[in-house]
Amino acid sequence: MRLELFDRTLGSLKRALRGRSQSWSLAPDLPQSDSDLLRQRIDACLGAPGGEVSARARAAELGRAYLALNPTGRERFLQILANEYGVVDAEVEAAITARRTATDDVGRVAAERQLRAALLPPSIRLLRQFNGLPQGVKFLVDLRAELLPLARGDAALKALDNELRELLASWFDIGFLALERITWEAPAALLEKLIAYEAVHEIRSWHDLKNRLDSDRRLYAFFHPSMPDEPLIFVQVALVSGIADNVQALLDETAPSGDPEDADTAIFYSISNAQAGLAGVSFGNFLIKRVADHLSRNLPNLKTFSTLSPVPGFRAWLDLQLDGGEGEALFTASEAQDLSRIADNQPPGLALRTLLAAPGWYEDEAAAAALKPVLMRLGARYLLEVKRGDLAHDRVAHFHLSNGARLERINWLADTSENGLRQSAGLMVNYLYDLSEIDKNHEAYTGENRIAAASAVRRLARD
Amino acid sequence: MRLELFDRTLGSLKRALRGRSQSWSLAPDLPQSDSDLLRQRIDACLGAPGGEVSARARAAELGRAYLALNPTGRERFLQILANEYGVVDAEVEAAITARRTATDDVGRVAAERQLRAALLPPSIRLLRQFNGLPQGVKFLVDLRAELLPLARGDAALKALDNELRELLASWFDIGFLALERITWEAPAALLEKLIAYEAVHEIRSWHDLKNRLDSDRRLYAFFHPSMPDEPLIFVQVALVSGIADNVQALLDETAPSGDPEDADTAIFYSISNAQAGLAGVSFGNFLIKRVADHLSRNLPNLKTFSTLSPVPGFRAWLDLQLDGGEGEALFTASEAQDLSRIADNQPPGLALRTLLAAPGWYEDEAAAAALKPVLMRLGARYLLEVKRGDLAHDRVAHFHLSNGARLERINWLADTSENGLRQSAGLMVNYLYDLSEIDKNHEAYTGENRIAAASAVRRLARD
Amino acid sequence: MRLELFDRTLGSLKRALRGRSQSWSLAPDLPQSDSDLLRQRIDACLGAPGGEVSARARAAELGRAYLALNPTGRERFLQILANEYGVVDAEVEAAITARRTATDDVGRVAAERQLRAALLPPSIRLLRQFNGLPQGVKFLVDLRAELLPLARGDAALKALDNELRELLASWFDIGFLALERITWEAPAALLEKLIAYEAVHEIRSWHDLKNRLDSDRRLYAFFHPSMPDEPLIFVQVALVSGIADNVQALLDETAPSGDPEDADTAIFYSISNAQAGLAGVSFGNFLIKRVADHLSRNLPNLKTFSTLSPVPGFRAWLDLQLDGGEGEALFTASEAQDLSRIADNQPPGLALRTLLAAPGWYEDEAAAAALKPVLMRLGARYLLEVKRGDLAHDRVAHFHLSNGARLERINWLADTSENGLRQSAGLMVNYLYDLSEIDKNHEAYTGENRIAAASAVRRLARD
Amino acid sequence: MRLELFDRTLGSLKRALRGRSQSWSLAPDLPQSDSDLLRQRIDACLGAPGGEVSARARAAELGRAYLALNPTGRERFLQILANEYGVVDAEVEAAITARRTATDDVGRVAAERQLRAALLPPSIRLLRQFNGLPQGVKFLVDLRAELLPLARGDAALKALDNELRELLASWFDIGFLALERITWEAPAALLEKLIAYEAVHEIRSWHDLKNRLDSDRRLYAFFHPSMPDEPLIFVQVALVSGIADNVQALLDETAPSGDPEDADTAIFYSISNAQAGLAGVSFGNFLIKRVADHLSRNLPNLKTFSTLSPVPGFRAWLDLQLDGGEGEALFTASEAQDLSRIADNQPPGLALRTLLAAPGWYEDEAAAAALKPVLMRLGARYLLEVKRGDLAHDRVAHFHLSNGARLERINWLADTSENGLRQSAGLMVNYLYDLSEIDKNHEAYTGENRIAAASAVRRLARD
């Protein structure tokens, strides 16, 4: 009985895109001459008399106007919003004064509410009105995806982005999200999006996708009721025996599928955010824990929950060391010797680079043998010791460590895809989610910057 | 594939009520000796290290503790929350100072965000955590229903209530609500709630309810995804020919049902809020317009949308006039004479009261004839002229007028139920929703306090 | 995406009832003068050229014509169908001859198919066409409900009924039925039907129904895809500890509800056929076994599956014995003495009748004490020894025994409702479904007419 | 609330395939030595005591045994069923005698029922028991797909197949089928089957499929409740302006999609049976009419319903004429001259063959110009005049003509795919479904063998 309501009164942003007329329009690149008209329409949305319904109808018109602009016009639109519809200083000051001079609690509380209202920029008050519009939430998420790159060097746009992120964070509160398992029975229109959104290990074809939805695989996603057809984030899981150490083996379409009832380990091998406009609104944390919880209740044989993750910052960090001339300090004498020997006697830093630059180096046994001890040790050191502020430098490491996972194992030649070699030098890491240790680990990491790691990994870094 | 997630990690408030143990508990009436334990647990929720998941688990424990208290204990709990977890003055002052002393825009914006955060009471920060819990939103709605009566004479509780109302208003934003039509095919568990929640014209039995869901009737409700089994507000509609003027006729279970395709008029004869804890969070406005919109698209023959509404403030206002001795001024000479004549020559004010106090007076032709001109005129005057501040005194009138409806007609002996006689002296009003006039009417009413009314009603008031 | 198809081409029987015109019609009581028109329309359905679609459209018209007739007209309609559209003897003879004279296997097989076709009466060929019509299957089920009482004394109608029963039995094959659990979440429109259809222990109100759907109760029904809104048969189950011996206690709305996880016994206390027109098409057998299977998988604590059933034939049989003067032989000397003593020294047979005729006799301790040994023993004897042909005389006993259940226990004062006293003298029986014995018991009963019974019941009968 | 019932009692064929043990098994190729065991198990199914439940459990075991056999074993299994479990002559004779000697109507009717029962082969009585088993209906459909090729030269298997087809035809009666529209929102698992089952114009990729589900396309399928995941037959429709004359243009993935609201014509360009085991059970007829009906109600602008169909028998017929030396009579003098001229002066029949054998001939303007008049005329003549018995020789033509469609237009170079050239010499036909003429056309074709055709097509054939 759920009604599809395309409110005639409100107008639907969606239909609008197919050409519904409105009484005004802007030139595609929003020239100076049109900006007054725009300001006037924004003011109409914010201040106009008329019920909330009309206000939203005006917001919808504004949304359609935005969508009809070209990139230049859109940037100008956002600039006007960011620069001219921020907090009004006088209102803030008036509220602060009112609070100071309040003679009783009631007055003070009222002034505080007034102050809070004054601190909410009109731009955000405007954008909130999109919540009630068909497709309005998706509109804002996509608008933020366009705002993000523009905001990098621009304080006003950055402030607008901060506010918008906070607004979206409140709408996309974990309490509103629904976890769903996605199978080969899911709508093709949804599966098609997964293929497009997968960010870690590219899904190469529908057949590849089907393989990832096989009986010994699981794929879970979070959804929001205002964007029911759009996954927000999704995680892919392999149900196996023992902790997996190689992602190509895991994704091999020709491998036979196992019986999920026999598996003792769940490997989270890919987590992808699907909405660029929700950057900084985090739910990956909840996703892994909920999925682990759901799996453990449905497949009681599962005892171990672990990721198989890349180390995307490793190579960039390593190159920086080598560039900085600190290369030599990275190796032991015998490592330096080995590297030089198999690389035409180049100095070890250069030798390392030369070896890694050779296509298919991992299939060259001699090279791989020389590289393995060096890269494994440096990988462990990078993960345990290199920081961004007080926290782990590698963003994937930071994500799992702040979730309370433990750095369990580093795997050699675990991802030999082009991407895996370029970013992680082929290394992959198992972060272990031990449900009974998660809180303690999280606390140690966020409170005291202590990283939970298996002793084997610590030893590796010390060698 | 939507998963029923009763997160073991989080714990489910619902299951909890069936006896899940926690490591601490409070005596039912929360004596002084237990309040320190409570404070400690609240602090644990607010400040404790550990991920958001643990924070929510602690919130769930607090929720279970609240539910285990008796009314005395609950009031004490709320008092502690309201009085000890409000805005911290020093934090506000620090942020104001930071803002004053900021040397650039970035600093100022940061200080403003800090200030906004400081203005959010910790009590509300705590209650927000319930959003993610199973049944957590319903818990807060019900908690507010208990808070409301306590808050009447208590500034701290009142402030807490204000904050909570605002929190719920943001969660129950119209954009999140789904409109559904409810039919006799709906789950009995849902229909049972309608019987319990109907506030205007009591549903006397399942048979009465079935009659109100007949082919020429409609019932629509708003739902929220976090409380999918609970209607928030619902409206009942009769599809008829011409504007109905009598609610008993409308609800007559023995009357034959008409063909909805033949109807030209939709009569909204009852709107009931179903959640006491959502008082002050308004969606009735949207409900009527959406339903009118939905109906007009599905039944193109419908041309007129009108309510059949009570005048619940009329009798109370009238009695006040009579008490205040202003009674005599209410009547014309001939009315005064008529009233006295049929009421044993009592003075007209007393006569009016005596006549209205007689059980079944509306069936006494002489009495009804004498009362009709008086009550119709006074009803019109009450609706058009009596104000609460600048706005209509009668709350039903205010609701529809602020929605943009027009006061179209006053109907004599239109509701002769006990309630209808006691509150409205049997009068009922048709408020007309003319979609093309709604915005204009709304603006005139909220901007200039002008009430849109049919000229016949105006004449009636002037007589 | 399932489409609601009310085929314009075919016409919908349902809409038809609301007045769709057709080019011909019959007087309500189908006078002689109209029967030729009817024959002509039937012939058009059976023999007419045109695709199957037109044939069905004609069948729909015929259906509407039937529904427009009054009872007299309908009986005449059925008589024409039964008497004039039976098997055509000449066609049968021709096929038999063709079979006799066939010279090879191919010819013989063809003749056999021809013979089988000739043996299918045209009346049934006509009625089959209703299968494809909206509401057509329900139409046939209801038509048979009207046919059944008429067929009792009429060989032609009886033969038509036999054929129709066989047709419906093939359509309602157990393989097409879906078992569903019905809860308080089910549509009110469906629950309303359960109230109407309950045949064993009347459902007195919606509250009574809700009590029967409580957490420690279960209600299951079979549905057919062609009549998705109509339950075919339903069974009510109580989840309790130990085998229940009193149905009033079981249905007590004020009793607290138990935890289904704690129950060790499922009591089937009511089985009702919902469709009179499906009499003789049996699925009760499957229903109990499927429900037992479903319950035992979902609630592993359940160890015992038993009915609590009436003995509806007991009093009628007993009265017959007393009428027939065989009364004296029914009692032992001391029983006879006891009965006479407390019934004013009437002879024991008469005493028994007098005692049972007294309203509320079961609350009279002396009477009840005298009656108990007599009625318990006679009840046991009735169930074990009195036969209809070779099988149990009591139809409820026959149903459960042929399902393979065991007569486990007879309970005294187990149903003191008016109906329970009038039919069963207050006795109720537990038939035990022991899944490991069902096949053996069934075989013994249907093959050798041996009744499986607990030794206590056998002893009771022997006393 | 629909329960997934994998009855433990019955056993599920599906689970069984994953290894459930049974107490007996057959060697894969069913050697002579095992056939007695098989007979014994079949007899157990047919004659054994025990309830219907046990009978079905035994049938399930038999089904599992069949599925475990290899092709040789399966053929032997079917031979035993066909040859040893046919109609028992003595039972038929006994029933015929009983019917002859019946002294009254009741006796005669009883004998007729007995005769009908005797005419139902035990093999079919056995196979009916699969109806109630999980996956049982799909099992029988697939079994028949294996039986069909074996039955071609074998009278006993042919007879078994006839019976099985009749059984399936009664189960798959149109009244049980549900029409569904399939969109890009459908489960990938279902769409994957469409790709596999499409028989007319191969679906080359998921992208091709998505294009066929675009906003100006429709795809409808029939489903049966016992095989809910399996389409039975599906039709693909293009919504266009004017009757389409070229299938490559219609399927061009790069063409822009039109607005379905603007279309005036629905082109049925592909109908595929999805279940080989349902050959001879026809529902294509209903499918087209229901879809036309559904479309015309949802898109009132649609005025024309037409197919774009191949002429799959044309080239084979043409080759036969040329082989038979009748080639010369096929051409007019000037045609003969033209053909010879551009084909190195070969005689016209040989010239025709040579030209058609040249790859890409249709792109050779001179060849195409010479071939067009000849092939268009011969195509028209083939469709209108060449018969199989009294009916159209081309099976696609026969299908649409017996549905009541009209041969509207023959299109030149309308399908230049390899298949289209090989079977139809590139011709395609529009069969027009004019709902007001369908019955009349159907009658003329099936009654009098008259083909409804546009006059232009008739003229073409006469030229």
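Residue numbering begins at 1 within each chain, and the chains themselves are lettered A, B, C and D in the order written.
Here, a contact is a pair of C-beta atoms (placed from the backbone, for glycine too) under 8 Å apart; a residue touches a chain by one contact, two chains touch by 3 or more.
Computed from a prediction, not measured in an experiment: that's the story for all the values here.
Counting only chains that touch, the fewest steps needed to get from chain A to chain C is 2.
Of all chains, D has its CA centroid at the greatest distance from the CA centroid of chain B. In whole angstrom, the spacing between the mean C-alpha positions of chain A and chain B is 41.
Measuring from the averaged C-alpha position of chain B to that of chain C gives a distance of 51 Å. Inter-chain spacing, taken between the CA centroids of chain B and chain D, is 62 Å.
Shown for chain C are the residues that touch two or more other chains, namely 185-186. In terms of inter-chain touching, the protein chains here make up one closed cycle, each touching precisely two others.
Each chain pair that touches appears in this list: A-B, A-D, B-C, C-D. Per the touch definition, chain B reaches chain C in the complex via residues 184-189, 191-192, 206, 210. By the touch criterion given at the top, residues 1-3, 5, 7-9, 49-54, 87, 92, 96, 99, 105-106, 109, 112-113, 115-116, 119-120, 131-133, 136-137, 155-156, 159, 162, 170, 173-176, 178-183, 185-186, 225-226, 285-286, 289-290, 293-294, 297, 403-404, 435, 438-439, 442-443, 446-447 of chain D touch chain C in their complex.
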